[in-house]
Amino acid sequence: MTNTQFQQLWVCFGQAVSKHKDELNQLDAAIGDADHGTNLDRGLQQVLEKMQAASPATLQATCKLVAMTLLSTVGGASGALWGSGLLAAAKVFPDTDTCDDKTLTQAIQAFVDSIEQRGKAVVGDKTMLDVFVPALSSLAQDAEPITVVVPEIAAHAKEWAEATASLQAKKGRAAYLGPRSVGHIDPGATSSALWWQCLGRIIGGSV
Amino acid sequence: MKKIMNSPDTLVAEALEGLVISFPQYLKQVPGTHVLTRATPKPAGRVGLVSGGGSGHEPAHAGYVGYGMLDAAVAGEVFTSPTPDQVLEGIRVADHGAGVLLVVKNYTGDVMNFDIARELAEAEGIKVATVVVNDDVAVENSSFTTGRRGIAGTIFVHKIAGALAEQGASLEEVEAVANRVIAHVRSMGFALEPCTVPQAGQPTFTLADDEIEMGIGIHGEPGIERQKLRSAHELAQSLLEKIAMDLPLKAGDHLACMVNGMGATPLLELAALAREVSLWSKSHDMPLDVVWTGEFMTSLEMAGASLTLLPLDDTLRTLLAAPCDTPQLRQGVHHD
Amino acid sequence: MKKIMNSPDTLVAEALEGLVISFPQYLKQVPGTHVLTRATPKPAGRVGLVSGGGSGHEPAHAGYVGYGMLDAAVAGEVFTSPTPDQVLEGIRVADHGAGVLLVVKNYTGDVMNFDIARELAEAEGIKVATVVVNDDVAVENSSFTTGRRGIAGTIFVHKIAGALAEQGASLEEVEAVANRVIAHVRSMGFALEPCTVPQAGQPTFTLADDEIEMGIGIHGEPGIERQKLRSAHELAQSLLEKIAMDLPLKAGDHLACMVNGMGATPLLELAALAREVSLWSKSHDMPLDVVWTGEFMTSLEMAGASLTLLPLDDTLRTLLAAPCDTPQLRQGVHHD
Amino acid sequence: MTNTQFQQLWVCFGQAVSKHKDELNQLDAAIGDADHGTNLDRGLQQVLEKMQAASPATLQATCKLVAMTLLSTVGGASGALWGSGLLAAAKVFPDTDTCDDKTLTQAIQAFVDSIEQRGKAVVGDKTMLDVFVPALSSLAQDAEPITVVVPEIAAHAKEWAEATASLQAKKGRAAYLGPRSVGHIDPGATSSALWWQCLGRIIGGSV
């Protein structure tokens, strides 16, 4: 992946979250506090502005800038998770313009590890991990090139997000609802699916 | 949605300015941040207390910044945990060389953002301890889940730990007394009407004319169960029984109680509810030494209330009664 | 209608008990009455202050009973003036040999019931003076009508007259300073949402999603005009211009301001409104010496706010700043 | 009028207000504070209880009991006005079981005078006086016996009350509404009409 592609990913994600902001808020209203779309959107708009202003030249620099911006503007659970996850990923990305597929997979692995560590959630807890973990394992296990795999993952991401509806939340705000959390899709899983859809389009070359 | 504001995006920043304008003798803003700190800092060598969280819970937390309570309050967007850089600013301004205690309510977002901030502050050489308040008995406590939420009981932690810090106790001592409060303080609340997050524009849920949400948090979220509206007597009864069983309480225990309005509930009704707590405590032979009635930890304009009980020993009682001087809580007025 | 209560008929009586339970160091109830008085009476020879009116305005008026403010508060049913026999009980308990000042809000019912009580008290040989607060600029003042209403500005009268009474001034002096405040204090309010009188069970009016009632009183009644919701900036502007023109104010005037919530308005929004007052006062070169932001005189769970301005001279400033110690207002905390 | 009739008047009025309580509250909600029905009803229920318990034996004693009870239980504008008006009327009523027509008229005159003095309102201000003043002047001017006149007044009382709709309030809480008070019937005038209807039935012998 090139630095340009990586930056396009954030532009795409920013636009997608902006477009689905109300929907994400409504998902969060049902089992949380109605701010997930607003939170991510606030952060991502800042990311786009700062990326434009600073034009970071390497993958690592871009990832760090995105991480620090999200960390200092999103707030809430998703701010801490995306922010510290991306800080971990930035350590994996090279300080160059391009990286190979394996490094990208490792960076995403570092992102997911960090989120698991920070948030202490596991798959099935009805969180963003319910999209990121299956996505990452497809990516890591599959022998095909990522230009093929990632678009496939992207095609599944929405299903994984929607499958959280049947889960009872164990972590995050939705956990307080106990059994009442069942029947609602997790907002963080939904926004994570948007991220994978963007990655799919960019790596698949359809942006 | 009808709110007195200029725009949802500027509301928190404008309100923080407005708080400083309203309480200049107590509060000043750390420039360029969402951190309010004491107008007159604590003397060097005393432990600092920092709390915070999303906005929309006013008077929490800026209302408790002042002598005998907090040193700084960090405000996030409405119902959104503040970011680590903001919390770090709060820690820095609250550190007077003896370390800083972070009083965090147990929400994933708050816990994680305060944790990241603590790591950053420790990297700067500041001694930091964290206590996590989880007083809400509506939510089952289990090691597999997020655990209980922190709600109104947090203010008893501010008050008691703040009083000890003011006396010059060490960070370890202040942390220990805060944890002692946390170990014993229990709360539960209910909503008669929802609230509307300014950024979202829609009420967080809707209730029929005879329905309430039982076991709510403080972020407009639905509670653990939808129930029929009942009398003040029955509402008090069910909250108090749940709290008492959880602790558990026994005859002879001396109690402090907080009757907390969620935002839109008139003091008239809160006072009627306070009377029910008093009747209950009498019939259970548990003397009510302290009653705080009013709005301490709100959820915007939600209608409803929460009850908090804290069994008191001599130490806690003394610290709870110690003077404090903050926008919201003042004790120990000197006259004649 | 959803309220935390046992029944509309017992709500006021139960709430009065609940207030005493919540503030035992400040309040006691005159047995068998709806009168709350100081737990520790004022020394003999000092003028007593009595206020009151219908309930539903909490913390008014019992919240202001205590050192430096009132001696007794008389509560009627919700939004219903108390009866003369109750007011008489308040006068009796507030009289410490130097006479009693009645602080009455200008409503026909209050004025008449307090008048009858004054006649009864005078017949018992108690010296009584009455001041009538009429600070609401929404209502035109004319000798052919009832005149202006008394609203939140009343609390500045309690504070200032109460401080002077505490110093041992005579009834005439306390009455005079109260009238000086009344001559200069002006208020105006608006509602975003109505309230529901417990006994009536229905909201007092209904508003569309973009409508407000401008120029409301404090009894849930509609205002003088229905308008479109506007920004905090524009709302503050129109209230302050109306008040400033009425007084009139001029550049260089020093002001005290009260930003008062009507019951359901979060402190977050009130603080944002306080900021607008500050911006306005700066742009008009009128230093804002004192800002009180919070709920001082409510209308049950009405959403909305009122603004009050009082131009200050040295006497008023000093009395406003004097220590007081009541359930709602405490100034002069002594520490370290 | 006999003491028994006078007591029947209050029983009738108490029942009428109880029946129309919500309607009176609603009239008051439109231009006041929604409590007029509740206020009068609270007081009149007390009157009925106390009258039964004490059985005052003379017109004066009955009137005083009603006055003191209303004064100490109604509150608001109507409590002060009905209470002090009836205290004034009690001074006119004899301390005997019966009074002649002229005395009854004088008692009502004293009631109205006291209300005018206490409340400083005049006819046309959209208050209870807009029923009581025309009623009283019919009573005072008419040459026929009150068994005829009072039922006639009673028949008109509702019209007088309804005619307050076209007035702009000058006194009482409704005055704060200024021109917005026009178009609504005054609650105090409406309850006053109920009183005259009761008096009409009792003096006309239809109770």
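Residue numbering begins at 1 within each chain, and the chains themselves are lettered A, B, C and D in the order written.
Operating definition for what follows: a contact is a pair of C-beta atoms (placed from the backbone, for glycine too) under 8 Å apart; a residue touches a chain by one contact, two chains touch by 3 or more.
In this text, all values refer to a predicted model and were calculated from it rather than measured experimentally.
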Set of chains adjacent to subunit C and to subunit D: none
From subunit B, the most remote chain by mean C-alpha position: D
Between subunit B and subunit C, centroid-to-centroid distance (C-alpha), Å: 28
Rounded Å distance, subunit A centre to subunit C centre (Cα mean): 53
Centre distance in Å when subunit A and subunit B are each reduced to the mean of their C-alpha atoms: 32
Residue numbers of subunit A (touch at least two other chains): none
Subunit C: positions in contact with at least two other chains: 78
Touch-based graph of the chains, sorted into line, ring, star, complete or other: line
Set of all touching chain pairs, with the criterion as stated earlier: A-B, B-C, C-D
Of subunit B, residues touching subunit C in the complex: 1-7, 11-12, 14-19, 21-24, 55-56, 58-59, 63, 67-68, 78, 192-193, 209-210, 212, 229, 231-233, 235, 259, 263-275, 277-278, 288, 291-293, 295, 298, 300-301, 303-305, 323-325, 330-336
Of subunit C, residues touching subunit D in the complex: 54, 76-86, 107-109, 112-113, 115-116, 138-140, 144-146, 149, 197, 199-200, 202, 204-205, 217, 219-222, 224-225
Touch list for subunit A against partner subunit B, complex: 25-26, 29, 31-35, 38-39, 42, 71-81, 83-84, 118-119, 170-173, 175-178, 180
